[in-house]
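Consider the two complexes below, in which chain A is the common component and chain B and chain C are the respective partners.
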Partner chain A sequence: MREASLDRLKAFLTLLPSMILIGIFVYGFIGNTIWTSMTDWGGTGALAVEPEKNFIGLQNYVDLFTGFLGGGFRQDLVNAVYYSVMLLAGAIGLGMFIAILLDQKPKGEDFLRTVFLYPMSLSFIVSGTIWRWLLAPQGGVNVLPTYLGMEPLNFEWLSSTAAILEFNWQNLFAIMLYVVAFILIMTGLFVLKGDPQRAMKRWLGPGVVIGAATWMFGGLLPEALFMEETHGFNMATLGIIMATIWQYSGYTMALYLAGFNGISQDLRDAAMLDGASEVGYYRHVAIPMLKPITISAVIILSHISLKMFDLIFAMTGPDNAETGHPALNMYLTTFRANDFAVGAAIAIVLFLVAATFIVPYLVSQYRQRRRG
Partner chain B sequence: MKRSITLGSVLLYSTLAVLALFFLMPAYMAAVTALKMPGDISLPTAWELPVTFNWASFSQAIDLLKPNFVNSLILTLCATAGSTVLGSLNGYVFSKWKFYGSEVVFTLFLFGMFIPYQVILIPLFQTLRAMDLYGGLPGLILAHVVYGLPITSLIFRNFYSQIPTALIESARLDGAGFFSIYLRIVFPLSIPGFVVTSLWQFTQIWNEFLWGICLTRHADNPITVGLAQLAGGQAVSWNLPMAGSIMAAVPVLAIYIFLGRYFIRGLLAGSVKE
Partner chain C sequence: MKKAFAKICIVMVAALLLSAPQIAQAKQLTGELEIFSWWAGDEGPALEALIDLYKKQNPEVKVINATVTGGSGVNARAVLKTRMLGGEPPDSFQVHAGQELIGTWVKSDRMEDLTPLFKEQGWMDVFPEGLVKLIGTDKGIWSVPVNIHRSNVMWYSPANMKKWGIEAPKTWDEFFKIAPQLKAKGVTPLALAQNWTANHLWESVALASLGPDNWDALWAGKLKFDSPEVVKAWELFGKVLEYTNADAASLSWQQATDMVLDGRAAFNIMGDWAAGYMVTTKKLVPGKGFGYMASPDTTGEFMFLADSFGLPKGAPHRDNAIAWLKVLGSREGSDAFNPLKGSISARKDSDLSKYNDYLKSAAKDFGKDRVVGSLAHGVAANETFMSGFASVMEMFLKSKNPKAASMACAQLAKKAGI
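Right, the complex of A and B next:
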C-alpha cells in the first residue's frame, strides 16, 4: 500500500513541471495581458527600461470601440466577423461536399484525397505568398476566363475599396442588441424541437422582445460616436477568404470522411431499404450523426479565423487597411507602434470572443469524460 | 461488380476533376513561375509553361534562405523532441494515474490549445527578454515546447487509454513501479503515438510565423520569416519568392506525401475527438 502511494506521488511529480509551465505561460500570461490592457504606458513606454505604467481601467477598450482613433480597429473587427462567418460556411460546406463525393468510392480515391488535403500541410506564409501572385491584378485568376474564350475578369482581389452590407457604427448599442436578439432566437429555434416550452420561455420570447424593442425604441439609445462612421464587408477580403477556404476545406473533408467511414454499412443499407435516396441518406442519417464532428470543425475554424495573422501578412503586407484583421492590428500596434497597452486590449478582445465558444465546448467535453 | 457509365458517375468524376484542378492550381502556378526566366514572367502569360527552364531560381533561393532553413531545422527538431517526450509522460499520468482533480487539470491544459496566441504574446516577449532568452533559438524552443504541451498530452492521453488497464495492473502486482511500467510496457507500445505526435508537432512548428517574427533577431529567423521578407519586399520578379515557397514547403510536403496516414491521424486527434 505504501509503495502504491509512492507511485501516485511520482505520477503527480511527473506532471508538476508541465502544470507549473501551463499555469504561468497560459493563465499567468493571460492575467498579465489583462492587467497590461488596463494601463497606459505613455507614447514610448515600451522602449524605456522602466516604463511608467498608470492604471486607467477600461479606458483602452472604450477608446477602441468609441474613440476617435479606434476607427481602424473597428473596421478590422467587422472584417473579422464577416471573415469568420464566410470561412466557416465555405470550408465546412466545401469540405462536406468533397467528403460526400469521395464517400461514393470513386476510382483514385487515395490520390484525390491527397490532392484535397495537401494545402493543410503548408505554412500560411507559403500559401499566402503563392496566392498573392495568383490574385495579382490583370494576372493569375483574373486571366483564367480568357482560356475559355471569355473576357478576363478585372476584379481587384486584394485592393478593392468597395464595401457591401455597410452599417453605421454610431448605432453600436442598437447593433449589439440586435445581435443578442438574433443569438437568442437562433438558440431558441435550435432547442425548439427538443423542449418547446423552455425554448419559448428562455430563448425565443426574450429574443423577440429585445429585437422588437430595439426596432421601435432604438432611436433613444445613446450614440457611440459623435459622427457617422460606416463599416461593412470589404470586397478585398474575398481573396483572403478564398485562400483560407482552399487551405482548410481539405481538413473538414478529412474529418467528415473519417466520420462517414465510421458509420456502419448496415445502417446505410437499412436506410436504403426504407426508401431513402442517396441525398436523403446524407441529409437525414449521415450528417445529423456527425454533429460532434461539425461542432469540432466549427471550434477549430473559428479559432483559426480569430488568430488569422500570417496569411494576411503574406498576402497584403502590414500596410493594407482594406484586408485588416484585429490579430494583425495587435501585432502592428504592439511591435511597430510600441503601444503595448492598446495591443494588449486588442488581444483581450480576441480572447474574450474565443472564450465565449471554447469554454462551453471544453466544459461539455469535460462532462462527457466524467460520464464516460 | 461491374460499373456502367451513368449520368451520375459522369457528374461525379467531372466535379471531382474540376475540384482537383482548383486545389492543384496554386502548386502549378508556383512551379511554373519558379522555373521561368525573370524576364519571361508577365501577368498575362502567367499560366503558360516556361520557354526556357531556369533552375537558377532554386539555387538563388537556397543561398538566400539557407540560414533560415538551418534555424528552422534546429528549432523544429529540438522543440518537437521536448514537447513529445513531456506530452508522452503527461498522457501516461492523465490516462493511467488519474488522481483527484486530474480531469480538471487536463481540461485546463486543453484550454491552452485554443487561445489566440496574441493574448500571451506580450508577456511571453517580456518574460523571454527578462530571462535573457529573447532573440535567439532557445527562447523560441521553450515557447514551442510549452504551448505544444496541450496537444501532445491530448494525443498521448487518447493513445494510452487504448492500452488495457489490466496490463498495467498485472505489472503492478509483479512489483513494477511508476517509471518501470512506463519504460518497460507503455513506452515500447507507444512508437506509433510518437510518430503521430512528432509529425504533427513538426509541421506545426515548421509552419509557425507569429512567434518567429516577434521573438527572434534577424540571424535566428526561422524559414517562414525569411520567406516573408524575401516575398514582402518589392520583389523585382516572382520566380524567387515562388522558389522560396517551394523550398519552405518541401519538408512538410515530404512528410505529408510519404507518411500521410500518420499525418491524418494527428489531424484527427487534434480535433479533440475521443
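Right, the complex of A and C next:
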C-alpha cells in the first residue's frame, strides 16, 4: 500500500515538469490567444512596446462571419472544408487501393513501396514548387496531350475563377440544418439494419423532421449576411488538392500495408476456405479490422489539411483568394495587416474546427478504455 | 609634495592611456552592422555596391547583409515584425517610405527621429521638399530615401506598334478604341500578372479617373471611398480589366513584361523596375527595344514610391547604423546604387550621366511633374489598409461589382483610420 502511493508520487513528480511546461506553453498560450481575439489590438500603433488593447467581446468573430470585410475569410473557410473532404477521400481511397495492390505481393514490392512513400519525405515547399511548374498554364501537364499529337489543354489549374457547388452565405443557417438532417438520415440508414426501432426514433425521424422543416420554413431563418455572397468549390483548388493527395497517399498506403501485414495468414486462409473472394476478403474481413488505422489516418490528414500553409504559399502565393486557406489568411492578417486581434480570432476558429475532429475521437477512446 | 605631484602625473598618464583608444574609436568604427532588406536576386548587386562603399569608408566594421526574399517585401516585413516584437531589432532596415513606415513603426514609437542627421548632412536642401514631407510627420523625419521609382508607366514595344499600325494611347478613351482591334488580332491589349499587379494597375487607373487633387484628398480622408468619384474609378478599372489576359493570376510581373516584348500583348502598366529588367536582363535599349510613357490620362503626374532605411530604437550598433545612413543619403552612395537598381536618385543633384535614357527622362519628370504617393507600394496608406485592399481587389476580380468594392474600401478606411 505504502509502496504503491510512493510509486504514484514518483510518477507524479516525473510528470510534473512536462505538465507545467505544457500547461504554460500550450494551454496558457491558447488562453492568451483567446483573450487577444476578444480585444481590438490592431491598426496603427499595434506594434508599440505597450500596445493599446480594449476588450470588445466577440465582435471580431461576428465581423469575420457576417462583416463586409470578412468575405475572404468565409471563402477560405469554405475552401478548407472542401480541402479536408477531398484530401481525406483522395488520400485514404488511393492509399488503400495501392496498399491492396501491394498486398498481393507483386514482384519488386519493396521497391514499389519506397517509390510510393517517397513523396512524403519532400517538404511542402519543394513539392509545391514542383507542382506549380507542372500546373503552369502553358506548360507541364497542359502540354502533355501534344506529345500524342493532340491539342494542348488550357485548363487553368491554379488560377481558374470558375466554381461549382456554389451556395449563398446568406442561407448559412438553412444549409447547416440541411447538413445536420443529412447526417442524421445517413446514420439512421446505417443503423437501420441492426436496430430498426432505435434508428427510426433517434436518427431517421429527427433527420426527416429537421430537413422538412428547413425546407418549408427556411425563409423565416435570419440571414447570415446583409447581402448576397456566393462561395463554392473553386476549380483553382483542384491543383492543390492533387498535390496534397500525391504527397500523402503514400503515407496512408504505408499505414494500411502495415495493417494488412499484421492480419495473420490463418485468417485469410480461413476466409478463403469459407469461399470468400479476393474482394470479399478485403470488403468484409481486412478493411473492417483496420478501423483504428482508418481513424488515425483521418485524424492526421484532417489536421494536415487544416494546417495547410506552405504548399498553398508555394503554389499560388499569399494573395490568391481562389485558393486561400484560413491558416494563410491568419498569417497575412496578423503579420502583414498588423491586425493581431482578428488574426487571433481566425486562429481560434481553426482551433475549434480542429477540435471537432479530435474531440469525438478522444471521447470514444476514453469510453473504450473505461469499458476495457 | 614631490611625491604627490608624481602621483598626479601617473594618474594623468593612466587616464590618457585609457582614453586614447576611445578617441581612436570615435574615428574608426568597429564591430558589426546588420542591415535588413528584401533586396536579393536582381536587386542584390545594387545593394552590394552600397555595402562596398560603406566598407571602404569603415573597413573595421563587419557588415551582415540580412535579406529575406519576396517582391515588395511581402515576407521580409513579417520577419521584421517578429524580430522587433521579440526585442531584437536589426541596426537598420529597408522600408517603403511613407505610410507603410509611419503607420506601422512610427506610430508604435519604434523609430528614432532623423531630423538632426538631415540637418547635419544638409539633406533638407538636397531632397525635394514634397518628398521630405511624405517621409516625415510633424514630429520628425523617419527614414533616409535611397531611390525613387515611378509607378504609373505604360510599357510597349515600338516595333510591334508599327506592325499593328497603332499608336500608344494617351488616354483611356483612345485605349478603348484600339483594344477591340487588338483583341480581334488575337493580341491581349493589356498584360496583367498576379494579384499585386492588379492593385498596381488600379492605382494608375484610379489616378487617371480621379485626378491628382482627388487622389490626395482620398488619402487625407477628405474624399470618401464610397463617393461617386471612386465608384467611377472602379467602373473604369472593371472596363480595363476586360482587356487583360485570363491567366493573369499565375504570371509573375516579369512574365507580363515578356508578353509585351514578344508580341502576345500590346501594353503593360508596371513600375519602372520593369525598365531595369528590360535593360539589364533583356539587354534592350530604352526607346528602341521598348517604349514607355505615363499611363493613360496621367501625363504630368508622377506616382512615386521610394525605398528607404530607418533607424530603429534600440539598434545594437547605433553609430555604425548612422554611418550607414550617411552613405545612403550621400550623392556618391545614391549614384552608385540607383543606376544598378534601375531607379532614380532622390537627391536633386545626382549625376545624370551615369543613368540610362529612361532614367534620365524619369528624373526630368520627377523634377517638374505633380508628385503623388503610390498605394500599392506603401506611400499613401498604412499596412492595415494595404492588406485589406488586396482582399477587396480579390473580391472585385471575382464579383466585378464597383459599388460593393467602393463600400468595402470605405469600411476599410474607417478601420485603418484614414
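Keep this in mind: the second predicted complex is superposed on the first by the 334 of 372 C-alpha atoms of A that agree within 3 Å, B and C clash if a C-alpha of one lies under 4 Å from a C-alpha of the other, contacts with A are read in each partner's own complex, and residues count from 1 in each chain.
Keep this in mind: a residue touches a chain if its C-beta (ideal position, glycine included) is under 8 Å from a C-beta of that chain, and two chains touch if they have at least 3 such contacts.
All of these numbers come straight from a predicted model, not from anything done at the bench.
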Is A:L158 contacted by the first partner chain B, the second partner chain C, both or neither? second
Comparing chain B against chain C, which has contacts with more of the residues in chain A? B
Looking at A:A136, would you say it contacts chain B, chain C, both, or neither? Reply first, second, both or neither. both
For A:E223, select first, second, both or neither according to whether it touches chain B, chain C, the two together, or no partner. neither
Of the partners chain B and chain C, which touch A:Y331 in the superposed model: first, second, both, neither? both
Contacts for A:R370 in the overlay, against chain B (first) and chain C (second): which applies, first, second, both or neither? first
Of the two partner chains, chain B (first) and chain C (second), which one does A:W246 touch, if any: first, second, both, or neither? first
Once the shared chain is lined up, is A:D40 touching chain B (first), chain C (second), both, or neither of them? neither
Go through chain A and flag every residue that touches chain B in one model and chain C in the other. 136-138, 317, 331, 335
Chain A residues touching chain B in their complex are 3-4, 6-8, 10-12, 14-15, 17-19, 21-22, 25-30, 32-33, 36, 98, 101-102, 104, 106, 112, 114-127, 129-134, 136-140, 143-144, 147, 246, 250-251, 254-255, 258, 292-293, 296-297, 299-300, 303, 306-307, 309-310, 313-314, 317, 327, 330-331, 334-335, 340, 343-344, 346-348, 350-351, 354, 358-359, 362-363, 365-366, 368-370
Could you please specify the touching residues of chain B with respect to chain A in the complex? 9, 12-13, 15-16, 19-20, 22-27, 29-30, 33, 42-44, 46-47, 86, 89-90, 92-94, 97, 99, 102-112, 114-124, 127, 143, 146-147, 149-150, 153, 172, 177-179, 203, 206-210, 213-214, 224, 227-228, 231-232, 238, 241-242, 244-245, 248-249, 252-253, 255-257, 260, 263-264, 267-268, 270-274
Contact residues on chain A for chain C in the complex? 42-49, 51, 68-69, 71-72, 136-138, 156, 158-159, 161, 227, 236, 316-322, 331-333, 335-339
Seen from chain C, its contact residues with chain A in the complex are 74, 77-78, 81-82, 84-85, 103-105, 107-110, 194-196, 246-250, 382-384, 386-388, 390-392, 394-395, 397-398, 404, 407-408, 411-412, 415-417
